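Two complexes come next, and they have one chain in common, chain A, joined by chain B in the first and chain C in the second.
Moving on to the complex of A and B:
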């Protein structure tokens, strides 16, 4: 096998002791690389020749080779990597002693072996990824999480932390038999400082519960997303969830003030600060925001919540071309900046899909079909001032030809039905059949070019549905087909990733990498950057037990 | 023919109602206010009739504080031709509203009056009936279908009653109150919001209309419904039976 040959050479390089042995091995590797069509970047070539710091270079090369090889394989299996990845042989297998240990530690009720419960916990929201875990644990305290991890680490038992299991990239379900650590029982709200609006709570709190708790005290969560009824704050933080209000309140890297996390060895890292400003040393909490549970399990969160403002207005607008949507965004930021709280868009294919597949969905602009729809939400403190301002902006945009038609919600019910259309697209996609989801950050002006190109590429075989957070340059590109088909996937990948990379975009704006895109990280991050990530992973989780096979390429985690 | 539609400004349907700490009423400070949903339906029906060529003008009427003008603007943006605001700073009970209405009818001479069957704030369900009574006009409440015959000056109204539909035939002028399933109100589009800005809202006070708004009703106290207790999970069938027998006393 050619691939094996290249990898063999990497191992030879790794073990080479003398200079002669090293250069022979390097030469051999270069030959193999050319056979497998993997090009060595100039950087690597130079480094290989000068032969300095070669262990780092070897790691980088092996990452490159393996990820390229895996990408070839992934294309053949509709993005479900489970069929390609092999279980890490250094992990041990769960036995009855382990189960008894956990029962003693957590009590019978918190150790779940029930098949029905496990089936749900093993399957992701889209039913695309399915693991075969035999055990689910429900810790109630940080101490319990710590004890679980300490034990698992000593036994080399892999674990997958799980919140509401609403992720879209297969990050929250086991790949093989990882022990599921369900955080749902850690759902206490610890404190709310009514002066500063700083909320401290446990990781298992459901987002919607936090929203309604805060509502009673005159605050809101700085993030809001479609899955709020199930998703948990720990999961939100671990995946750095974005959502609908990011344009106003910024990402969780800004709003999360502190965290408590448990490392693989059971150490509890208390970073649960409640300060807006704290420049003492490295700000480690950021490592746990968006690392998808691969560096530690988030157990508590301290988050800055903005005051609830009473005046919310929502407009549902039609634009005839993408350029108008873009221009409208620029204008809205300029003229509504102080009250703008969401700027979302969907194209007519998305609208069609929602109207056909969602019960009760009503087209707010039924008189004719438009090419694009935009939702603009404002949030402020003065009802009549805000409404007047928004109306004036909309009317002048209409006169200027940016908007071809539009409606303004007159009550909350109307506003909810407008939001239902935008938030209902993912649900409608699920009902329409198979869906390939891509969550991309692309500069706004280029964003829709990809959609047009994909439509030409897919032709009649599949529908291309585009919507997303225009205000954050975040495109949700969805390819909808009657059923999953390798030929369709081959039309999409790696083209979408390559296109995004070429246009300096990110292949994951807010969904994370999970299992789906772990090996695609190089499309958005340089090998050097990934190498540092690998070093951090090895430092914090040397046995690789935390959410294995995800986030980082397999090649990194399989070398010690 | 002219149609008058009553529209009431109420706490938004989707807002969680909070009782004022002194129990004198419902908190309305800093609370989102919107048009009563049944009034939206009443207005929609009037607009449909006008669009079908069976009426020449739709006049929206609202009574209450200054901010009722916002609600009237919504009505005008939906398509009403003009508005009337009767400004009253004190609370109006259904009989006050009906008396003011009677005076407005004498001034405007409509052929038909539409009201929502009730407002979602006080749930009185009285105003439409009182207006008809004071005017001695025929009334059809809880309308789920309205058909007008312009020639014969007759309205045929279907209303939902227990176990079926009742069909009434009314001579015009008449009072009709609207139920939920009559229609689906339209949204306020931007072009119509723009047009509404130049529409006229005429203002009256109850004094100008010569209506005494003293109330025969006194609100003694407003309280929240008792909070539902959290459920418990029973561990066995025996415990369930025991609780049903001895705590709930249902078996």
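Moving on to the complex of A and C:
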């Protein structure tokens, strides 16, 4: 089409003033190029060579520039030149009838077109991903979610479900003009069984609110994250969030007992069981745990919450090398296994960053700078015994040379200040400038080799910051630079993914794939496995309206 | 068809000598009756009333009797008159070419046609379900499993995957003539990571062998079952087996880190990750955990094994009423939470049965008969402290009147003899005569109400025996009678299922649905949910060859 009637089309478009038409012309052009695998510069030199028609070329370039100036959302490019995403052409575009329908269904107040609100909802926490949705809906009931999806599915209107929007892979913001379904209004706690500790609540409940609620009843949430003040349980479940307590309580696949989800066609799938054991048919809830809203929208959750144990102890330790951290972990699992509730680490570059960028942060072990810091938390039922046990363990670890220094939190304030160091690294990174974030799972023995290699690779151009959940083999590798720069990115990717894949690691331990890594899935999953994922996506969401462009490569999640 | 040309058909069949044709006539008849929901006696009295044609009726009855004499496998009826299962007519029948193919593929020794071996493999552990397979295959590699399935799928030959054949719902034996794929030859341990405790092994490894292997390396399996001497890990995973340690280590959905499975078309899905955290795409392994071999055959498993903790204590306690058992559980969770590893119960009828039928069994608390017995096991890292803690807990429970008597195992032999009581109930039940087994999950508070109601309901006709994993709300309800009797069954079913469903319980906590409860799934799952299960079955196994007639209602798992 571009080659045939492109000139006429461009001329026509030049006269037109509408944004959409400019965008469509640009879309045609990029589509043609992506189909034939031609790069922009190659394309134009071929055109020039073939047609010798400067006017045509200039017109085409104009189209691209204008559509780019208009912040055309029909083509997005994130960091890597290889990741070109096109809007799925089978999707409809929102019109005033749609908005009227939603207003009728939800009431005026729950249909948000306010630009400021939309700007926030279109942008992710890191300000790295930005969509251009024109509409945000706030359903209050499962029925409303069902009606919204039924309608959107029939109209082929894409949607993005949004919880606290604290994701780190661009999974919770629109890529183009998807309708945002914000779950924050579904925030009721439905029940808590005080015998079994089973909590049932709506998806929009903020994690910290659930933590406080449970605290009053003698229970705790089996997961805890730095983002707890904003993130919602529905988002936690949909992304299979990990966090700080996984080493003790396991993943959400183990602790979520049931859920309710709405499929793309509006069908409500009630799997909201409250039983610890239920072997009646396929355990479908697991499809919705960690599928990032691409198979259905989680509306309610039933979760097993452990009893709040009275005695919590926290040690902040220093190790001189990574091997000592590893050995310390093995020993801690064996000797503190019954009370161990967190085993976290950060390296000295992370500590540096926190001390430099986080107000009020101070090193709990200030006498000298150490290479590694480890936080060990225990949770048990016997204050004096647990402390004694931890102290005995630390003493023998110090005698054995595994730790070179350490301090036990004396009260809750000191414990908070220790956690502030570890939990504050992401915030410090944000303040330090641009950051390339990688959330990897790599067998513990090899984990830090990657960090060392990256330091050599990056040289002076960027800092390599490593911390994470050592107890679960989860490394947060961060490359911190003054600003984003494609040259830096090219130094990191695909190297990081290739290295992780070679060492049988996961390129996303707990953050999910979202938009950032949808096309990177093959680094961690076999083609046959991804193919089955694609078939399941197609089965449950045949029009591909649910959180499009995310999780799976676009070839598998868009069918048109 | 029966009404129209039945007489002619029957006459024709009378002259015919082939087994198949007799069966087909019988099939037509039963199909007609099942379609119109007519019972056998009602059907014939209607026929008699309408046609006054005794010859027709006699012919039809002859067909049924002859086909039954021929042990016709085209119709099987288990216990309940409502459960009529027909052989899927789209399946092929095994021929000599098939057998030759398998001999070529696997070698003569791995293709078993021996009648004695087949008789054992066709019959379940309880001798309640019996198939008529003519062939058992013993693949040694994933590739062989893949080739077998690829072939069977192309030929539309149904298969039943078989592990240790210790299932209790008829899931692991053929219903008709399915080819048995016995996994016992795939019994290699592939690796154990001694830092993380991650074990990778083939599906045919016997659970007890894995337990012994790990014991030598300082780890334990996160599950333990009475059937451990025979059951295989692949079967455990495929049925999401629960068992004695679930209260401590959670379900296999939490502890299985990865698996390899072969789909019906022979595709090998490699999900054999060894990472505790991996959020790259849909976590498909969960589809194969608990789907009872109906979506694929599990060939390898990667599982997180906890460190073996040195101190294990076991208390055998008596409670006078069920309310005390419940309160004891809540207290134990709160006060022993960090070391509690089992909380089991049995009632006095179970104890009676064990004492009467199990050689060498003796009541650890013989002074008087109590109403309930509870086993509490703790597992921790500090011998003297753990014992002290348990003793203090027991003392306060005794003072508070929750327990009326109790004894702590003094050595491993005594501990074994305590476990023998609890684990011996199923064996004692088998020895006592016929047994109707129900594996239910019901909220703890209401669980024993059902037992009381069943005792009233059954009166003197049968004994009601109750025991189970109280810590996980899992009741094993057993109705024990001198012999199987449809009148007894009618007293139990559907009442037990209806009661469980009304109380939001699960009609299969850990045994699965198998053949026994495939049609009962709606008591625990919503129609929309079951519909999605059916679509997933159809997607992954379009010819329905994998463990047919099991898990899902036949209307959803047979498509022809």
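Criterion: the second predicted complex is superposed on the first by the 474 of 560 C-alpha atoms of A that agree within 3 Å, B and C clash if a C-alpha of one lies under 4 Å from a C-alpha of the other, contacts with A are read in each partner's own complex, and residues count from 1 in each chain.
By definition in this document, a residue touches a chain if its C-beta (ideal position, glycine included) is under 8 Å from a C-beta of that chain, and two chains touch if they have at least 3 such contacts.
Since the structure is predicted, the reported quantities are computational estimates derived from the model, not experimental observations.
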Which of chain B and chain C A:395 touches, first, second, both or neither: first
Partner chain in contact with A:498 - chain B first, chain C second, else both or neither: neither
Partner chain in contact with A:380 - chain B first, chain C second, else both or neither: second
Contacts of A:240 with chain B and chain C, given as first, second, both or neither: second
Dominant toucher of chain A (residue count), chain B or chain C: C
Touched partner set for A:104, first chain B, second chain C, both or neither: neither
Touched partner set for A:449, first chain B, second chain C, both or neither: neither
Shared chain A contacts, counted only where both chain B and chain C touch the same residue: none
Partner chain A, residues of chain C touching it in the complex: 193, 195-197, 218, 239-240, 242, 246, 250-251, 253-255, 263, 267-271, 273-284, 286-287, 289-291, 295, 306-307, 309, 326, 329-330, 333-339, 379-382, 385, 389, 441, 443-445, 469, 472-474, 504-513, 517, 521, 523-526, 528-530, 532-533, 535-537, 539-540, 551-552
Chain A-touching residues of chain B, taken from the complex the two chains share: 12-15, 30-32, 34-35, 37, 70, 74, 77, 184, 187-191, 193-194
Residues of chain A defined as touching chain B within the complex: 310-312, 315, 317, 362, 364-365, 383-384, 391, 394-395, 398, 403, 405-414, 416
